[in-house]
């Protein structure tokens, strides 16, 4: 365990944790956009930057990546930090003026408008979709392609990916909500990835509940028999003796 | 194409950390990276296609569109810039009617820029098919292009 | 080549090689570096080889292709040994005369260097002011060796430092020597090399990796190209010594994609070194193993940044990562890695051979040794110069560089590449020193030194660097990806005559945020060119913004080209070359007429008119 100061609180933290993890545990608010506790941290949005000092020398670091140290002094709301956050959110506002989460955060940080020429993008390139697809789902159907201003999250060749299983995890973690998952009848469409999936019908209630591709993937990965994937989560009941029982 | 790619993958012992070198060797065969080639690399190395595509689109050296018979590259490094390389680039753009990264519709010329070849004393530099032309003036451009058949 | 199994065997082989070489045998040393090759050196070299045959001198006169000696302005450079007679601007047609002159022991006056102010001729390399004012410890040997022949390197004493390090010093002693020498990184950061090595050496995990960074992305810099192409063994030797000191057995040389000749020559050098046993298992019988592999860049400036370079070596996109945990502890494959620049490694054999005290005697208190700079731009003698730290900018630009081309007025010198800044005239007497240059708002950087004159516009230069960085940004973090783009937008507006009140403040605000918030050094230093040009040339910005005027006559939208009637003889060259047909021929001896409404400001007429009859305002 190490002892450190965050704002005016003296805290004890496990070695190896990041400033952000510790701050969240203690209920100290640090804004983030590209952070999600299910996946690795990228340090891409820079909103979580805080001012640290050790031995009279202070600098800004991303709290989502900086590991706690004995005697570290962390300040989450200095003028330096706030000025930086304001510029960052203004830059994001200029890029995505119509994205609600950006508008809200800008307002929260006291940024009313921007003088930069407005674009109209819906993606802030946080990379969460890519990381969740790689680290949690394990199919890496999408990646960040091109570089610099032309960077974007996409499937190879911007075509429907053979690896995508239509699980929608990317949409789940996306902070701006720009990845739409549309379930219509027996089809799931994820327009952003040009993906279309046939949905599986529940043997019990008759509702379409998951893409067949996703269930096939789980079946292969988990090595479970096909019958396990015939019934939707609502109709499954966990019993002491059997894994699923039809209601 | 399959054989060439397989032998290139083998040359690097199918070590996926050598991906950039492998893609360069593959591009040297066809002057660009066709989609099928990237798919073969992904399968041959057992790495996600999305990763191969990311790498192929990140590095400027790779072209995912077919190249022309003649490759024209203008150096846009600082020393060349200070000696007027933008004017050279403009002249080439005018004459070929394409932008950097593009190929003429008759597939004769491809145009690219590069951020420094390290021949700074001889700027502006215009490379055509691997041959370096140094101290190029705007007036020299038509002649250089005309010498390509 | 026999495998060398001990230092004494090395000396034996060295003596054998030297014995076979007649120091008095004439040798025509010709530059085959990329620069001279661009000027047609290949044909020149072939002509010389044919001529030697034709005059029946095969076997009596050697023709050697060597690496870049740096005097690129006057390529093809040819040195006749043993005398050291230096001929400049040599062409294929000169072959017969030069070869004959060797037989007749004569000197060809017209190919010698002529001092432009005194008219004095210089016969020997050391007499030429360009060379005389340099201290060429690193690059001096480029004219004496064929980089594709390891025996040339051995003949000059090569790999002696390696033998000394492996057999007469412990790894710790080598490290201490480098620390004592106070060698600082030559790639740009200027971090103390010995200290970096020590951190890596003390890291607990294994294996440890060492890397030569030959990405040399700064546009305008080509020192590392010259060293890697021209004297690859000097880099390899330093690399192996460093690996020994650090405790690493696996090394990578990362060479940028745009240097194919460096990749080739280094590859040959590695093969030859392996054959002799300078690389591989049990080097020279010392028990130390070390192998080297070459990695290639793919055309990304950001891969000059150490963490991005390592990502690229791992087969991933060249994205930097936070360095809260240093790469010396977690680098390539998350293992302790020591990365240094080409020139840094090349200094190591010198330090081992001649000692830290010798090294420390050159340079200033904070910056020891020599530094190679690529002196380019609007200077008379462009090329590579190796100078002791502490020399002034003025001496480099005027004494060595020969002053400004075309007698124009000096305006500023840019050091440090896109991460550096411009230094105006009032600081020309500043010494070349890591800390001094940083104090001025610039930095040493990798050694690019771009000289600019009155015809360069500082707004245009700032815009150029920002466009460069915008293109090269990896795109991961918001401050760099979005911020640099917005700075470039403002600068474009200003250069196009659409600047407005408040633009400079907006640039400064963005600059602060990007410097504070960017993830890597590319982003963090991106504001430097803008900030220094604003600091030292604010009036130029204000002319663009308030008066919609470009004083240097560069920014297209703000200038016009005019015909100076009195100077125009009506030769019609501009008419022929104008792509828009905006100029009308009015008959011989009558000045041409330029139609402003059709003019696209391409500048072709300005370029082709040799009589100065076209002016830009």
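First chain written, first letter: the chains are A, B and C, and each begins at residue 1.
Keep in mind that, in the parts below, contacts are C-beta pairs under 8 Å (C-beta built on N, C-alpha and C of every residue); 3 or more make two chains touch, one makes a residue touch a chain.
Keep in mind that this is a model prediction, so the values were computed, not measured.
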Result of counting contacting C-beta pairs for A-C and B-C, higher pair: B-C
Longest centre-to-centre distance from chain C, chain (CA-based): A
Centre-to-centre distance between chain B and chain A (centres being mean Cα positions), rounded to whole Å: 36
Distance between chain centroids, defined by C-alpha means - chain B, chain C (Å): 22
Where chain A and chain C are represented by their mean Cα positions, the distance between them in whole Å: 43
Of all residues in chain B, the ones touching two or more other chains: 51, 54, 58
Multi-chain contact sites of chain C, meaning residues that touch two or more partners: 300, 317, 471-472, 474
Where chain A touches two or more other chains at once, by residue number: 144, 146-147
Chain B residues within the chain C interface of the complex: 15-21, 23-24, 51, 54-55, 58-62, 76-84, 87, 90-91, 94-95, 114-123, 125, 132-135, 137-139
List of chain C residues in touch with chain B within their complex: 34-35, 37-39, 72-73, 75, 216-222, 225, 257-259, 295-301, 312-318, 374, 376-378, 382-383, 414, 417, 448, 450, 452, 456, 461, 464-465, 468, 471-472, 474, 573, 577, 579, 602-604, 607-608
Contacting residues of chain A [partner chain B, same complex]: 134, 139-147, 155-157, 161-163
Of all residues in chain A, those that touch chain C in their complex: 42-46, 49, 60-62, 65-67, 80, 83-84, 87-88, 91-92, 94-95, 115-117, 124-125, 127, 144, 146-151
Touching residues (chain side chain B, partner chain A) in the complex: 35, 38, 48-54, 57-58
